[in-house]
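Per-chain residue numbering starts at 1, and chain names A, B and C are given in the order in which the chains are listed.
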Amino acid sequence: MVDAAGALAALVHGRVSTRALDRLAYSRDMWPLATWWFQQGRVPPPPDAVVWPGSDDEVAQVIRLARERRLAVIPFGAGSGLCGGTIATAGGLALDLKRFDTIGPVDPQRRCVDVGAGVLGETLERRLAARGWTMGHLPSSLAMSTVGGWLATRSAGLLSSRYGKLEDLVLSVRGVLGTGERFETPERPFLGPDLAQLLMGSEGALCTFTSARLRVHPRPEARAFRAFDFQTVERGLAAVRRVLREGLRPAAVHLADPSALAFHAQPLEARARVAAAFLPALFTQVGTRLLSWPRLLGPLARLATRCRLVFVFEGDPGHADAEDRAAAAACLSLGANDLGEGPARAWFQERNDAAFRHARVFRSGALIDTLEVSAPWEHVLDVYQRVRAVMGALAVVLCEFGHATADGCSLSFHFITAGGPRDEVEASAEQRWRAALGAATSAGANVSHHHGIGLVKRRAYQDALGEGRHALAALKRLFDPDGIMNPGKLGL
Amino acid sequence: MSLPSLADAAATCAACPKACRFSCPVSEATQNEALSAWGKMSVAHLVVTGARPLDAEAAAAVHACTGCGRCTSFCAHENTPGASLFAARQQVVAAGLQPRGAASTLATFQQAQNPFGHELGSLVASWRAQRPVRYPLFPGCSSLVKRPALLEQTLTVAEAFGAPMGVAKAASKCCGYPLYAAGAFDAFTAHARAVADVFVETPEVAVLDAGCAFTFRVLYPRFGVSLPTRMRTVVEVLFDNLPHAPNRPPLPERVGYHDACHLGRGLGLYDEPRALLARAVTAVVEAPSMRREAGCSGGGGLLPRTMVETSVEIARRQAAEIVDDPGVAVVSACPTSTRMFERAGRRASDLLSLLERWVTQS
Amino acid sequence: MTTLLDSLGSVASPLGPGVVVRPRTERELAHVLMVLKERGASLGVEVTLDRAGFAHLGQVHEASMTIEAGAGVAVSDVEAKANALRLSLGALPPAAWRLDVGALVESPTQAFRVVVPGRLEPLAARVTGVLADGRRVASPPGPRHATGPDLASLLLGAGGVVGLVTSATLRLVPLHEHEQRRTFSFSNSVPALEALREALSAGVLLSRVVVRSRAGRALVEITLRGAAAQVDRELQLFGRVAERGGGRFEGQGQELPVDGDEAEVSWAALARALSVGGAVELYRVSLSSVVARGVAVAEFDPPSPLTAALRAAFDPTRALGSRS
């Protein structure tokens, strides 16, 4: 590696580091188990070096050198992934793309903008907003994820019901394959497979992205918020389906099940100071003990049935208002309690606070894992019930439904469990993932809606691929013949 | 900040998924995860918990912070990584691991009682007012040593606003911010007490440098030192006297405005400088992130001395963020920020310089 | 020596000088492709593929508004079954109705529908098929996924150059109850096209558009279909957008057809075509591209080197023929 570091430095104008603390910062993403380890003072294996190339040519040269030296290359955005997708299981090079930080001018006719892979989402959205545009892509990781990371994992934002997931917002992508060859995908109309769709979601295992041409829209003139309570999750889901079937196009749809509603009900900012000091201690003393008996907490949680549905409509003021009223009428016809805009607006404003809430859980010594999948509507309720049934004995289970489209939605499950000795925590985490993914897929869900596969879901993913794994392997051979790109991820 | 609270703050950041990631000017300029607020606090967490030694790399990490406080603006825990990292610098000083720029600043300060090594008393004497003034002015040693023109402009503007100022005798003392930023907390406390003694006869002072004003009004009380003096920024004094400002048309210029960290997040002064600016020029460009969420110019936390290129890169980025067109000047009500933008090769102006051109236009 | 016909087995029968194959299962299709590969033969040259054997037309899933159909099922039959449950494939371009499901889902032009705000989405929520190397591939369940590379894109809209579709789960919409047409005039085709894009961004779904450009004037006739309340909302929205763009309401419109073949074109190509006058009829109107009649030449970027690499990897002998 020492030799390679010198050669790398020559390729990237010295922008390479083998310093221990730089490597340490790139040793983990936000995989909950890694966060839990870190709280105990442990870190996953770090990469051997961090490299910051500044051009497509430099990326290509780095990858070619890595091929020669048989070094793993792990493309790195901002490390916000939750699936261990950037863990350097085989050492190698963390390829930080943040020098690809340009945001081009918005093309108002074509409604697009060229953006470097290293641009952080919050920076992009603020710059666009200042010019009167939006991508409409607001993942909860907006502040700590990059365009390159979005491309690598097929990210989804809060407003995906209207604007789509990241793959719906991409006109073309540019990058470098694991062969060291540069590529740029064509824009419509084109002939042959949609190469951007083929490469997005590859989690660094086939290529790395350096930039993308992204769709933008004029910033909405207005937003209409409304929240409803329903007596049961079934009713809430039925309301979502009815609203979509009536041709209404909410930007955001979010249904919190009773447990999630209880977990998220308290406004964060107002009580932050007290809560930050008080909650971890309380959680450590009481919560974690209770978490040791999820069999007790599960039935208690099931006593509560009330769930909360939020719609956000946006765009032309008159249109958003008309859609909001029509959605309200549809919900009321299904027995909803109309809570007005207050709770919906609060939910929207606090939409990214889950990260902070989860941090508190970790501070208490407990663990919170998130599994998100999606399913067609005919299977959604079954997926929800089966996962809860299986996981109820292992963890406190919360579920949020979102990213709804006419044909289905995503289910984000959060599993809260007590901490304990390392071996037990690791074993039970593995057991939870296996049980939860087994329950979800057997009920008709896929293995991920927007977090990706990484290390955590690689086995379930390969199982779900079936014979398709041969096609994936063929792509790997074609685009990364030496297997240097992010080894171990996607089960490759 | 005591060690236990540093441990708590660091553990909170280490458990957080970088929710403030985009806000840190140092990590944005270096494009290095290790230098994000999360990265630096994670290192602090490992050091505090004994999982890693406090070595030169860790020392450099805790110095890679301007103390701008922007991360706190995006933290639902209201965690203060800036203050925590400055507190961690105490351990660095004790271990003799200070980065060179910080160590030399500290050495200079201990010798001359200011970071420039100048004898400030004679400089102050040269500004002794010939006429009675309404407001004693505390320019800050940075302006006193490096920006005499800015002092001249400030006095001219104050006169035009009917609020004549003169350099205060107490201006021969540095506020002590460099000691705080170097992590020499005991020395800072002692220095603050000495400064407080100098101000004992002065009921009110106008402070030109936002960093000095922040130090007097926010840091001193945090370290248990209370000043007998009403400390207001020049911006606040001029804002109060705006009704008495000369009735002149605004200059036909377009400028970008930078919310200086100590003035904005530090002292909560957002509207006052904007009100002054709105009178002076016809068009003001605002950054995509402004007021409480505004970016940093890279001038704080001793960064211009510990990470020279990075601090200039921070300024370059912030100027570009405010206004892309390099022909448009970036205006700030903070001499340090203005100097950073100039070092980054941008047209920049202190608010007072701009006001001076406005009040003296023919 | 074994003939090609013999090697292909019971799924093959002679057709003039050549051979026609009618596989009914993915295993049979995979066998056909393997034989073609071994013998260096190609579909469309020595062998004609008939996918009528993939004739399964599954039940309509009313909850998710989808229907599963074999590649050999006529699109019109899918529509008939959906209509019985008050659902529909929606406003497809006219040529789509003459295809079977396999051809529809493989077509670069026809395999997509438009959803708000003017974005394309595959008509197929799921697809299964056989790649040229004989391996089966299927997309995961669920409306969207983050499960690695989208292997379905080897089939969806890919023109059959890497693999062949055997079945698809097609997305439906409620059967339209209501249709409205409106005509607006603009000073020329430039603001007219901008108003259309603006309307798409704002959330209007345009079933069909006719643009007629004559010296100094452009007439835009829009057709909207859907639930009555939805159409009314979107007509009002379009009216506001058109007005902001300098458009003037001219009346109800008359559904005047335009002659010519359908082609997928970019907005830039459309603007060029209209700049010299004439008329175009637009379907599948998205912000990315439109399916147009009346534009003489479809413009495509040259094929990507990656496409050639994929073909070489999955179909080194060109068993799938020279499809495009």
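Note that a contact is a pair of C-beta atoms (placed from the backbone, for glycine too) under 8 Å apart; a residue touches a chain by one contact, two chains touch by 3 or more.
Bear in mind the structure is a predicted one, so any value in this text is a computation, not a measurement.
Asker: Taking each chain's centre as the average of its Cα atoms, which chain lies closest to the overall Cα centroid?
Answerer: A
Asker: What pair of chains is linked by the largest number of C-beta pairs in contact?
Answerer: A-C
Asker: In whole angstrom, what separates the CA-based centres of subunit A and subunit B?
Answerer: About 37 Å separates the centre of subunit A from that of subunit B.
Asker: I'd like the Å distance between the centres of subunit A and subunit C, where a centre is the mean of that chain's Cα atoms.
Answerer: About 30 Å, centre to centre.
Asker: How big is the gap, in whole Å, between where the Cα atoms of subunit B centre and where those of subunit C centre?
Answerer: Roughly 60 Å, centre to centre.
Asker: Show the residues in subunit B shared as contacts by 2 or more other chains, in ascending order.
Answerer: Touching at least two other chains: none.
Asker: Which residues of subunit A touch subunit B in their complex?
Answerer: 17, 19-22, 24-26, 30, 35, 38-39, 41-43, 50, 52, 76, 78-80, 96, 98-99, 101, 118, 120-123, 126-127, 129-130, 141, 143-144, 268-269, 272-273, 276, 352-353, 355-356, 358-360, 362-363
Asker: With touch defined as at the start, can you tell me which subunit A residues reach subunit C in the complex?
Answerer: Interface residues on subunit A, with respect to subunit C: 109-111, 153-156, 160, 162-165, 167-169, 171, 183-195, 197-203, 205-206, 215, 217-218, 241, 245-249, 315-316, 318-319, 322-323, 326, 373-379, 403, 405-410, 444-453, 461, 464-468, 470-472, 474-475, 477-478, 490.
Asker: Quick check on the complex: what are the subunit B residues that touch subunit A?
Answerer: For subunit B paired with subunit A, touching residues are 11-12, 14-23, 31-34, 36, 39, 42-43, 45-46, 49-51, 57-58, 61, 74-79, 287-289.
Asker: Of all residues in subunit C, which touch subunit A in the complex?
Answerer: Residues 61, 63-66, 108-109, 115-117, 119-121, 125, 131, 133, 135-138, 140-151, 153-154, 156-159, 161-162, 171, 173-174, 194, 197-198, 201-203, 226-227, 229-230, 233-234, 236-237, 240-241, 264-268, 287-289, 298-301, 303-307, 309-311, 313-314, 324.
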